[in-house]
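Some structures to go through are shown next.
Each of the next two complexes has subunit A plus one other chain: subunit B in the first, subunit C in the second.
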Partner chain A sequence: MAQPETAPPQMAPAPVPAPVTPAPGVRIDGLTVVYKTSAGELPAVRDVSLTLEPGSITGIVGESGSGKSTLALSLLNAVQPPGRIAAGSVEIDGLGDVVGLAGERLRKARGAHIGYVFQAAQNSLNPLKTVGKQLLDLGRSHDVDDLRGLVREAKELLGRMGLDGARVLDSHQHELSGGMRQRVGIMLALVLNAHLVVLDEPTTALDMITQANILKIVREVHAERGLTTLVITHDIGVVAEVADRLAVMYGGRLVEQGPTREVLGAPRHPYTRGLIQAIPRLVGDIDEARALPGRPPTLATVPERGCVFRERCALRMDICETDDPAALADGPRIVACHAVGAKERT
Partner chain B sequence: MITATGITKTFKQRGGVLAGREVHALRGVDFSIAKGGAASFIGESGCGKTTLGRIIAGLESYDGGEIAIAGTPMTPLRPKQRQPHFRKIQMIHQDPYSALNPTRTIHQTLQAPLALRARQTGRSKQWMEERAAEVLSLVGLDPGSVLSRYPHQLSGGMRQRVVIARALTVDPEMLVADEAVSMIDVSLRLGILALLKDLRERLGVAVLFITHDVATARYIGDDGELFVIYRGQVVERGPVDTVIADPVHPYTQSLLSAIPVLHGLEEPGEQPVVPLESLDESQADAGCLFARRCPFRDERCESELPLLQVTDGVPQEHACFHPRSRSVIARPLSGV
Partner chain C sequence: MTVIARRLAGHLARGLVMILVVATISFFIVNNIPGDPMAARYEKLVEGGMSPEAAAQAVKVLYGFQPTGTLWQQYTDYMGGLLHLDLGVSVSRPGTPVLDVLGEAAKWTVLPVLVGTLLSFLVGVILGVFAAIKRTSKLGDALAISGSLLHGIPQYVLAMLLVVIFATLIPILPADGPVDILFEPGFNAGYIGSLAEHAVLPVVTYALSAYGGWVLAMKSSVVTVLGDDFILAAELRGMKRSIVFRYIARNAILPLFTILALSLGLLLGGAVFIEKIFNYPGLGLMLINGVNDRDYALMSGAFLLITAAVIVANIVADLFYSTIDPRVRSGEEAA
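The block that comes next holds the complex of A and B.
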């Protein structure tokens, strides 16, 4: 039986603990991740540089095959074979370059420093064990001595998110609704006191009202616990609601990044523009919205040389065929486009 | 084309502690769609919208009410007799990845229904080939490059077009599209919606559109009707743009308030409505179905069930004792 959830307005006001560990900063530099295929090693993420400021929420937006999930997994150094990190570094404050970590040190870093809420949080729980048992497994595998304390912390977190902690810990996954499971996923990511949290498609397959609830929780928990948060999504609306900074991925490249409101209000890269124009809107002239022509590239169809977006681009020039546009900074905004670069410089 | 009156459907829980408990998936839903018309149903998961789509497509039985397809009532007919009628109504599922057989080329996928059609009408193999190419062109695909491919060689958007092409092989009069774009990449979504609108205009195919994403409902045609369904009851209905711009039922207002605001491009509505609790099917059925979650309920709402009605000064039908306009949806920022 689904247990009744409590919506935010009725949430018990939780004590706001002063963050013990300051939110870590993350510097991804020149990261390239390749997958081994019959056609050789193909890059899913190519030469990506991205800085997550301590205490910020960054949103990465991309369509299927853009490399956004691979990029997120790189933060945990968890890219599975046939994939591997081929170049670049991921520096996390207090942890160093995770690309160099391996074995036991890497395992401890996950969970204790980095919490990951997986894309399929709806399906990432063990159907045979109660949530509480899975929590204890997590505690034991990370050598937590005070398991009672862990359970207390878990209940507090669940309570903070509007759930009855004791009942949820006693439940199997099939007894929880999608929105409740998503909150359990967030609890498991935070309960070991991680201060860097990655949420991969946190609201996919959830209803609008549940989605709004989860996004509110993400924002509040982020602020209260002093986190650095990375949200990966295909949905610009999700990023618009939670993220301070927005990064747009296409064909394994970061094509544009900047403060969310600025990027949405005045997108510069032709892909970002097209993507925003393609969103069905509630008001206004419906003929203004337009699908992007063509389709997103896959691992096999990403061009080896030149701009990854050129085949769908209205501003294509000769140089786009041969040269990969560099990511150029203009204040807080970074754009990788020959057409935009030329215009801005002159 | 199709008229549904008072459709009801109740599911009984089968095993477990809830055995025998009844879930009212549909509590008397009325609607009709003309040839080439459009109707959209929106609501949370579990509200009954998918069940309605399955019933209309003939994939699920109904307990009460009547469906008339092109004037012929279905209830008096035996299941076998209903078949040719329901064949005019084709379903487009949410997931284009599982809707196509991965071991068959697109050519093989289209030939199966065409062979049936050819047998029935005594047409040739030549006709089947021509028709396959024709339906692919209708959905904006190039037959030459697509026919020999397997589903995994196509993008999600192309697969959904193939699914629609397959539905068109039987010359349907209506398509039931259940969350048909929610798994399609954002940049391609609008293309599929535009295709549905185009099929309405060019072929006169009616569309029953089922979604939780309200904005997409506008794109299959602004002449369509929007139905907001909650726990099996239609709580608000009217022209798409009227209901979106000026909703009066607190449930519609909650749904619209929950849509993410594109900060930088839009500003949030001034009077967002947040429901008090989340959907709980085990709630008692006395009074308004939304009362427990409604921030504006009063005593009457807890004891009496409001029915879909028209009241003074409200252009759309609604099932609320206290209909009131509230500014809930985001507005475009001026100057952007």
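The block that comes next holds the complex of A and C.
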């Protein structure tokens, strides 16, 4: 079997390990990702600039089709065909520009430097092999000499997340619950000691209790291992729970970013405001929640010029038709909106 | 292990019941075929110039019995014999038990069909993977088209085509029976070489006619697996290409094993046309002769053998599947 060790699973929190490499910073600059369609190449992500500070948790919020998953895949230079990165760079400390990586160097960067955690509902494990065997495949792929050590590390991580490591490694995917799979996903992303972790919809399709558990684990593991974390979600609640910094995506653009508390407390971009107004309160009148009118644009309906949000915007001005609003920084906050920019300037 | 044992026991019990049901059905169908084996033999003798009295006498001597029992008695006799693996005595070959006739014929069918099927499976599956991976290129198109084309040509047309080309136009291969009668049967180079030479065209026919199905099935299976999340997940974890390829191949080939087992089960009965064309004395040719001779016992026996083969193949497929797919093994619902 894959697990020669018989040590009992470590259920107590592991001591905080000293980070082998410090948490890397990430600088995404002018990133544009296009998808080839019958109507030509259409941008799913356009001119996005975003900095992930070392050791921070950044949350990207957006609706389906806003380009957030494409952005996440770009961090691993793994945009799937017919998509491709058309412009921009993704600088990761210790790796350089990921957009320029290819072949073996790119493959080794994935997993070893950047961990990617899939949505729990997605089957991110080979259904025919036990978790342990897939862990060994991962180790062999990355030329890990000490496979026993790798298994030990995996058990420790799983134990840290409240699972019986030996049992989980001996299980197939269909024997694990959604929450367990998600923890296995996190383990596989971290076991090679990656310090940049991308979580794509980490709590989608999980029940509320499990969601809370997973988010707690994400927060704790992030702090203990000294990670830089990016969480992609459509759930503002998830971001509010874990992220230091929040970036709001709409129609392939980052429309607003800033410290989570500030953005949620005093949203500036009309889209962010609309999103927050749409959340029903636990106490109070349900009618206070107002849905945003209209629908989000799709790849084909994103306007070529001007603001992507203008169709649904209450603050629409003439300039929104013709000019892309520039992302203007005001302290730690960045907003891309003509209306907000004008207000600020006057 | 106990799961497998329980599964096997259940399968065997069900298989046995199925065999008995099929034996019953084929017994009554065969008995309802117009004609009478003794009358057929009698007419043959008369046609050959024998006087009616002498012919009647000859038939009586030849078979040594006259079926006098009711249909029900014949049926219970037959089923009783079946329990002792006694399939009766061949009518067209007096004195020879049906089981011996079947065994003699089976060896000429099983080996060529087995080799042909496995060959086509191997080649088809491998090329199917390429057809899937290169599906946007010319190579992928060519492979898919070759699959559709060969899949579309009926087996007997293919066989005749091969005979015309390789035995008539360019006479490099024999197409007249299983072996050259000049050679002494036995374990000598000449005999075995002749066997192999004669087997080439039938085997190639089986292989080519099955190849298309494998290519197309494997292609679609691989394409499905390529779209699965765990393949992208493995790539994003930086897994080696060779390992990802193994993940794809193992998951994609799974459904094909079922088809393989079933087609191996059907192979005993599926060779009628081919054996006729190549004059191969296998089960197919035997069945044709049996029908011509109104050989009730032989026909029933052949049907029964084919049934049993299909049932056994089903059981093997199921047990095999449960050893290669953990979701089946544990007896749980696949997630």
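Convention: the second predicted complex is superposed on the first by the 332 of 346 C-alpha atoms of A that agree within 3 Å, B and C clash if a C-alpha of one lies under 4 Å from a C-alpha of the other, contacts with A are read in each partner's own complex, and residues count from 1 in each chain.
By our rule, a contact is a pair of C-beta atoms (placed from the backbone, for glycine too) under 8 Å apart; a residue touches a chain by one contact, two chains touch by 3 or more.
Keep in mind that what you see is a predicted model, and the values were worked out from it rather than measured.
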**Report entry** Winner by number of subunit A residues touched, once subunit B and subunit C are compared
**Finding:** B
Query raised in the report: If you stack the two complexes on chain A, which partner ends up touching A:N123: first (subunit B), second (subunit C), both, or neither?
Result: second
Query - Touched partner set for A:A166, first subunit B, second subunit C, both or neither - result: neither
Report task. Tell me which partner A:E63 touches in the superposition: subunit B (first), subunit C (second), both or neither. Result -> first
Query - Partner chain in contact with A:A86 - subunit B first, subunit C second, else both or neither - result: neither
Report task. Would you sort A:R140 into first (subunit B), second (subunit C), both or neither based on which partner it touches? Result -> second
Query raised in the report: Now for A:G284: first (subunit B), second (subunit C), both, or neither, which partner does it touch?
Result: first
Report summary line: Note: overlapping subunit A surface for subunit B and subunit C spans none
Query raised in the report: If you look only at subunit A, which of its residues touch subunit B in the complex?
Result: 1-2, 4-10, 63-64, 177-179, 207-213, 215, 234-238, 240-241, 260-266, 274-276, 278-284, 286, 289-292, 295-296, 298
Query raised in the report: What does subunit A use to touch subunit C in their complex?
Result: 73, 76, 78, 80, 107-112, 116, 118, 122-130, 137-138, 140-142, 172-175, 188-189, 192
Query raised in the report: Given the complex with subunit A, which residues does subunit B contribute to the contact?
Result: 17-18, 44-45, 155-158, 185-191, 193-194, 212-216, 218-219, 222, 244-245, 254-265, 274-282, 329-333, 336
**Report entry** subunit C - residues contacting subunit A, complex
**Finding:** 228-230, 232-241, 243, 247, 250-251, 254, 324-327, 330, 332-335
